[in-house]
Amino acid sequence: MTSSFRRILLATDFGDGIYVGQMRARLDELLPGVPVVDLVHDLPPFRADLAAYLLPALVRDMPHGTLYICVVDPGVGGERDGLLVHAQDSWFIGPDNGLFAPLVRSASGAKAARIGWRPQAMSASFHGRDWFVPVAARWSAGADLGLTPVDAADLVGSDWPTELPAVLYVDRFGNLMTGLQAADRPRTGSLLAGARTLPYARTFCEVAPGNGFWYENALGLVEIAINQGPADRALGLSPGDPVGPFLTPD
Amino acid sequence: MTSSFRRILLATDFGDGIYVGQMRARLDELLPGVPVVDLVHDLPPFRADLAAYLLPALVRDMPHGTLYICVVDPGVGGERDGLLVHAQDSWFIGPDNGLFAPLVRSASGAKAARIGWRPQAMSASFHGRDWFVPVAARWSAGADLGLTPVDAADLVGSDWPTELPAVLYVDRFGNLMTGLQAADRPRTGSLLAGARTLPYARTFCEVAPGNGFWYENALGLVEIAINQGPADRALGLSPGDPVGPFLTPD
Amino acid sequence: MTSSFRRILLATDFGDGIYVGQMRARLDELLPGVPVVDLVHDLPPFRADLAAYLLPALVRDMPHGTLYICVVDPGVGGERDGLLVHAQDSWFIGPDNGLFAPLVRSASGAKAARIGWRPQAMSASFHGRDWFVPVAARWSAGADLGLTPVDAADLVGSDWPTELPAVLYVDRFGNLMTGLQAADRPRTGSLLAGARTLPYARTFCEVAPGNGFWYENALGLVEIAINQGPADRALGLSPGDPVGPFLTPD
């Protein structure tokens, strides 16, 4: 793997507080002039198992040549390793806690490596700022990172299922993104969610306000929505809650 | 209309989740090096009718030569058109759902055009990323957009009132921005809001903590506030709720 | 003091609404090409007294040569002065309401000056956009700001205590940052907070999920946390609430 990224995208569960700002200030110090975009910072807290299934969908239509720094990392400061992953013509830096497992499995030719290098001093709780950002800077400069290739089968999460029939993420409108791929689902099928059976619709304006449905969202996932209403509250569903099964007519 | 914008400002109801990040990553891909600023992303969800009255005020003191991409778009994926508007020495891209009607009416010499061009493939639910951002890139490059001039009288919202006596937006402090222009209001007048009659004050520190008042905010609108307290909760008002009438002493 | 800053960091209590966007658009107009980073915008509203103790910690590990524009300013539009401060090889612009007092006291060689210059027209309620951003631009250009040196002892807040045994800030995970320096505290000590006595732990993954502890956070402050749980709700604590005392074994 060699580095030639044109921008950095950040994906974390940090929310909109001080952590993102400190990471970005450090990036501006170590990688001045490299565009940095906040891809998402409201991933469900601590839930690397959910973010892992959202990540390949989030990345699908993003520009190639991107370096992602991804931090959903409840084990920060402990034994877990750090990874550098190459997939979909982009690179990913983050913890080996399952976050990259579905991405590596879904992308043909993906490669992963453990990061041996660590800075001489870093906090115990903020590896995003103190470890992963400096890794990005060293990677950009071609400096040694002590990389050790790791087989996909040896990543944490390598035994997780291909799809996750659960809510991964709730957007501002209350729409529920699931870990089910939409492309393969027949449009005649319906999805059980909460206590409701939801039919398919192509998009919001094809159903009456207040009605629920599932559709293929802009990331390629099955998403549960209510036109102009909050599906999360109407169905009583939160990130991590199971959905399904998906019912196909005879 | 020809393009010569120096920056892009984004105004949406997307909140702080994944949508803004995906738009910005696409912008960095298609328009590298152009400054992009998040002007506002917490516009009241689905309420193009409210955002429409906030937009001219938001734009009033912003630098000229700006391209705005504006998305409050409950009809996304349906029949509604896309518009390119020239007003106040800036350009605006977004849906023809009323969002630009007060702006076009209030700005002398404003021009609007329907956008005929569409990308070969786009999602049904995320035209901000898939249509309006590519439109901005084509506009910047001077590529054909299939523009058709449209009369102000033919825009959705052309029959809406000049002012809106309602809450448009609530800020983090609970202050309530209304759709009433402040410049013309006598300072001896008072505003009915919730169950209260609010006198004028020049700014916060001229009233005792806990007291309510109306004032001319930094956008030129009548704003309802309580010094160091949340006016929205104290008055029980939310975006869309009516305010007024404005009472002028004999 | 002369200016040679390489980036601007913003620290406010504005939340994620329209104010930050308007400040950034004005910065892009007046200081094009200067990197701007949102360091924090969810400081507790109106609480300059709390932000004042967070600021030196926030700044400690940030890159030198930074200009900070800091706005927690309940007295905006009133008599309070504006300050330009030089500390920790960086510069700070903001109100003289205590916000910079602990910073000036903690940084050796810090200097402060009152800003005499004001723009010809500015709103009464949005000095961040209308006064402090133009000050930054004039400072960058070497233009006159009417600076008057002011002794540290004459700043608002000069009589405040060195540490603040209270909650300064709550992050997205419910962790509670306090105004106590962690470096000097013995790890055998415990902290009273809410109705609980919390032992020390190095970091999250050293305690069982659900257990509370105090630790030295990445800013150098004593922080109260519960592993994978919201300490704020579990302990019933909010910004401004007192914590302590800190108990050291005999």
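Each chain carries a letter (A, B and C) given by its place in the written order, and its residues are counted from 1.
Note that in this section contacts are C-beta pairs under 8 Å (C-beta built on N, C-alpha and C of every residue); 3 or more make two chains touch, one makes a residue touch a chain.
Remember, predicted model here, so these are calculated numbers, not experimental data.
Engineer: I need the rotation angle between the copies subunit A and subunit B from a CA superposition, between 0 and 180°, in steps of 5.
Structural biologist: 120
Engineer: For copies subunit B and subunit C, work out whether under half or over half of the interface numbers are shared, and give different or same accordingly.
Structural biologist: Different, since under half the interface numbering is common to both chains.
Engineer: How many angstrom lie between the centres of subunit B and subunit C, each centre taken as the mean Cα position?
Structural biologist: 31
Engineer: Would you please write down the residue numbers of subunit A that are in contact with two or more other chains?
Structural biologist: Touching at least two other chains: 16.
Engineer: For the complex, which residues does subunit B have touching subunit C?
Structural biologist: 6-7, 9, 16, 35, 37-42, 58, 61-63, 66, 169, 171-173, 202-206, 215-218, 228
Engineer: Name, in rising order, each residue of subunit A that touches subunit C in their complex.
Structural biologist: 13-22, 24-26, 28-29, 32, 45-46, 74-78, 123-126, 129-130
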